[in-house]
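Chain lettering (A, B, C, D, E and F) follows the sequence in which the chains are written, and residue indices restart at 1 in each chain.
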Amino acid sequence: MSLNGKKYIMLVEEGFEDLELWYPVIRLREEGAEVKLLGREKGKTYIGKHGVPAVSDCTVADVSADGIDGLLVPGGWAPDKLRRDKGILELVREVNEQGKLVAAICHAGWVLASAGMLKGRKMTCVSAIVDDMVNAGASYIDQEVVVDGNLITSRTPDDLPAYMREIVKRESK
Amino acid sequence: MSLNGKKYIMLVEEGFEDLELWYPVIRLREEGAEVKLLGREKGKTYIGKHGVPAVSDCTVADVSADGIDGLLVPGGWAPDKLRRDKGILELVREVNEQGKLVAAICHAGWVLASAGMLKGRKMTCVSAIVDDMVNAGASYIDQEVVVDGNLITSRTPDDLPAYMREIVKRESK
Amino acid sequence: MSLNGKKYIMLVEEGFEDLELWYPVIRLREEGAEVKLLGREKGKTYIGKHGVPAVSDCTVADVSADGIDGLLVPGGWAPDKLRRDKGILELVREVNEQGKLVAAICHAGWVLASAGMLKGRKMTCVSAIVDDMVNAGASYIDQEVVVDGNLITSRTPDDLPAYMREIVKRESK
Amino acid sequence: MSLNGKKYIMLVEEGFEDLELWYPVIRLREEGAEVKLLGREKGKTYIGKHGVPAVSDCTVADVSADGIDGLLVPGGWAPDKLRRDKGILELVREVNEQGKLVAAICHAGWVLASAGMLKGRKMTCVSAIVDDMVNAGASYIDQEVVVDGNLITSRTPDDLPAYMREIVKRESK
Amino acid sequence: MSLNGKKYIMLVEEGFEDLELWYPVIRLREEGAEVKLLGREKGKTYIGKHGVPAVSDCTVADVSADGIDGLLVPGGWAPDKLRRDKGILELVREVNEQGKLVAAICHAGWVLASAGMLKGRKMTCVSAIVDDMVNAGASYIDQEVVVDGNLITSRTPDDLPAYMREIVKRESK
Amino acid sequence: MSLNGKKYIMLVEEGFEDLELWYPVIRLREEGAEVKLLGREKGKTYIGKHGVPAVSDCTVADVSADGIDGLLVPGGWAPDKLRRDKGILELVREVNEQGKLVAAICHAGWVLASAGMLKGRKMTCVSAIVDDMVNAGASYIDQEVVVDGNLITSRTPDDLPAYMREIVKRESK
C-alpha cells in the first residue's frame, strides 16, 4: 500500500458524477490513504447524478491545506454548486499554492477556474467547458489525462483508469 | 396583441429550467407571436429539470437568422449541452450580428460565451457562472434584468416578470 | 404595468398542473399585481403533476374575499383535493358573490361545482369533466376561453395565452 | 369455487388505484371466474397510481355485454381517462341495462355518471366526488359498501373486504 | 365470514412484493380475521417493490405465537431483510412448532430457511431460490401451491388465487 | 500496469450494486487488463440498484473459460437473476475448475452456490445469505476479504479496498 499515512479530501455536492467521486475515493483507500468527503454541510447525504449516495465527513471549518496531501474534485453538476462557496475556493487555492495534488475530472474544472488557479496551466476537461477553461487562462489538451506539476486532470468517466494511474504514481513518490 | 406576425426561437435541450423555457414561450404567444422550439433533434420530447416535457419543432437546418425576430435561451442544464453544438452557436451569433433579440436567463449565458458574443456586453446571470461570463469579456451587473441593446438577460426564475416585461417592451416597438 | 396594487390568490394543492399554476402567477406579477399561493397548510411545498414545486404563502385563515381582487384555480389533480375543503369552497363562493374574478382552467371546474356557483353560468373545461359541469348547472362551450362576467375559464395548458389575455384585459379596466 | 364459468371485465387505464384493480381481479379468479382487463389499447402495460403494472387483455372491440357476467371499475385517476371513451361508456350502459353486475369503488363513480346510469340509484364513493354523483342523480350513502340491485359501490381501499364480500355473495347465487 | 375471531400476522419490510403482501391481508380480513402487519419498527411506512405503501402495526415485542393463529411472509426483497432479524426468526419457529399456519410465497422461503424449519418439508418457491431451499433440507415441488400440514407455499403472484384458496380452506376448518 | 494482456469477465444483470460492479471493472482496467461485461443479452443497458447504467459487451455464447483469466460477480439483486441462467452457472463452474480467479462480493455468493462450487470452501458474504452459503457447504468467515486459492470473497461495498487489493495481488503474480 503505497499511500499509507497520506490524507486526501474529495469535495462533494448534490449531483456529483457517481463514479468520478467514488472510484478515486476507494482507490486511494486501497493504497492505504485516508480520504474524507468535504461538503458544505457535515454528515449530510448527497445524491449523485445517477443516484449513488455519499455522506460528507467534514466541512472547510474542519480542514486546512497544511493538514492534507491533496484535494480531488468530482464532475457532474456538483462543481456548479461548489464554485459558489468562497471557503471551498479558498481551500482549493491554498492546496494549489502549497504545491499539493489538485485533481479535477469532467466539469470539475469550473471549481479551479473560480479558484483563479488556471492561468498558464495545461489541463483537460469535458468538451462542454473548454471555452470556460481557455477563457480562464488554461491551455487545453484533448487527452485522457494531463499532468502539469501538482495539477492532474481528465475528461470523463472513461478516463478514470488513466486518471488514477497518474494520481497514484505522483502521490507514491 | 403587440407582437402579431413576429417569429421567435426558444432553444431546448434535456434539463432545461421548466419555467424559464415555458413562461417566455407562452408569454410571447399571448402577444400574438409565433414561437418555435429548436432542438438538436426534431419532434423529440425533452424533459425539464423538474419534469415538464417540451417537444422540439425544428432544428438549425429549418431556421435562419434572417427568418426570425429573435432567439431565447432557457437556463437549467440545457445550456451545458446546447453550447457543444456548432450549428446552434452559429445561429446565435448570426441573430446577434443582425441586432435581433438574444435573451438569456440563469445558466443560459454559457451559450452566449461559447458563441463568442459577450465581449464588452453588459449582462447578468446566475451567480454560479459569473466568473465564466467575466472571463468571456462580459461586464456583469447584479440586477433582475439587464438590457444592453439587443441583449436581454436575467438571473433566476424569480426574475421572469422583469425579464419578459423588458422583452415584450423592446419587441413591441 | 396595468395591475399595480391589485391582489390575487392562486389556490395550490398536490398534483397541480405545473404551467396552469405558474404561468398565471408570474403573468399577474409581470403586470405589477401581488399574487399569493393559498394552500391547506402554510409554508408547505406542494409538487406539481410534472414535478415543479410551489410553496404556499397562506391559508384561508389569512385571507378574506374583501381583501383581494380575485382568485384563480389551477388544473391537474389539485382540484380533486381542494374541493374537499369547506373553508376553501366558502372563500371561492364569497369571491364570486362579490363579483370579483374567479378563473378556472382544465379540471379546476370541480372546485366551482362544489362551491355551488355554476348554475346558469357559461364556461369551458377539460373534456373529462364536462358531464360534471353540466350536471352542476353550467352551460358548456367548447372554445379556448369563455368569459361570463367575473367567471373566466379555459380548457387546457394550450389555452394559457388566451386565458391570461382575457384575465389581464378584464382586470386592467 | 363459487364462480366457476363466470366471466368478468375489469376496466384499466393509467393511474388506476393499484389494490382497487388487483384485489377484485385476483379475488374473482380465486372463486374460479375468468377476469379480463379491458383498456383502450390491447396488450398495453398500464401503471397504477403507486406503480404496480397491469397489462390489458382486450378492448371494447373484443367484448360485448352479452358475453360477460359483469364489469368492475377501479378508482385512482383511471376513471378520469376512462369516462372520455364513448365505447367504454356504451359497454358500461349495456351491462347495466342487462341487469348484470356493475361495481365501482372510490373515483370510479365518474365513469357511471358519464354513462348516465346513476339517476335514482343508491351508491357510495370517495368524498371528493360526492357532489358529482348527487348532481348526476344518485342518492349518496356514506357506508363501506352499498348494494342497489346490480350496482355495488364502495368508498376507498379500506372498504375492499366488504366490497368483495358483497360482490362474491351476489354473483354466487 | 369463515375466519371470524382468528388472528394473523403478515411480516413486512422494505421491497415486499406489493400484491403478495396485500392480497392475503385483505383476503383474510374479508373472511372476518384480524390481520396485523409486523415489522422491525412499529408505525413505519414500508414501500413495496412497485411502490405500494404498508404501515407496520406491531413488532415482535407485541406478539407471541400463543396469541395468533398463523403467520404469513410476503415475497419481493423483504425476506432478504427479514431473515437477518433473530426475533422474527424465533417467532416464525414458534408458530411452526405450535403447528399453526406458516405461509410463504416467492422469495419468502428464505425466512423459513433461516428459521431452520424446512428439513424434510414439501414446499414450493420462486425458481431463483430453489437451490437454497433444497440445501436447507426442503423437498421442492414445482406447482402453484403446496400444502404440507401447517406449511402452505406458492411460487409467484400468479399463484395468489390458489395460495389463498388453500389458506382459507385450511384455516376455516 | 501489472495485468497487461489479462482478460476478465464481470457478470451484469438488473439491480447490480453499482460500486461492486464498477470499482473492480475500472480497477482492473487501470492495471492494464481487458474487462468485458457479460449479460444475458448483448448490448443491453442494465441499471444498478442506485441507478448507474452498465452496457453488456457479450453473452456466454461469446466467451469460454479457456479464453479468460477470471470472472467476477457483483452484489445487489443481480445475483438473484444471474443464478437462474444455466449457461452462466456453467461458465462459473468451468472457470473455477480451471483454477482461475472467481471473485464474489455481498450477495454474489448465491451464484457460486447455484454453480455448486462452494463445498468445503472458505469464504465470506453479506450477513443475509450466510445460511444459504453454509447450507451449500461453505465455511463462512466474518472478515473483509477471504482468499481461498482461486476464490476471493468480500462482504459489502466498504470492503472494496481490501477486495481489490487481494485480487490485484493474486492476479499480478
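Keep in mind that, in the parts below, a contact is a pair of C-beta atoms (placed from the backbone, for glycine too) under 8 Å apart; a residue touches a chain by one contact, two chains touch by 3 or more.
None of the values given here were measured: they were computed from a predicted structure.
Common neighbours of subunit C and subunit D: there are none.
Look at the contact of subunit E with subunit F and you find the same residues on each copy: over half of the numbers used there are shared. Looking at A-B and B-C, the interface holding more C-beta pairs in contact is that of B-C. Each chain's centre was taken as the mean of its CA atoms, and the one lying most distant from subunit D is A. Overlaying subunit A onto subunit F using CA atoms gives a rotation of 180 degrees, to the nearest 5.
Ranking all chains by how far their C-alpha centres lie from the centre of subunit B, first place goes to E. Subunit E has its Cα centroid 58 Å from the Cα centroid of subunit B. Measuring from the averaged C-alpha position of subunit C to that of subunit E gives a distance of 49 Å.
In terms of their C-alpha centroids, the spacing between subunit B and subunit C amounts to 30 Å. Residue positions of subunit C touching 2 or more other chains: there are none. The chains touch one another to form a ring, and the order obtained by going from subunit E toward subunit F and onward is E, F, A, B, C, D.
On the subunit D side of its complex with subunit E, the touching residues are 1, 18-19, 22-23, 26-27, 29-30, 48, 50-53, 160-162, 164-165.
Of all residues in subunit E, those touching subunit F in their complex are 77, 80-81, 83-84, 107, 110, 113-114, 127-129, 131-132, 135-136.
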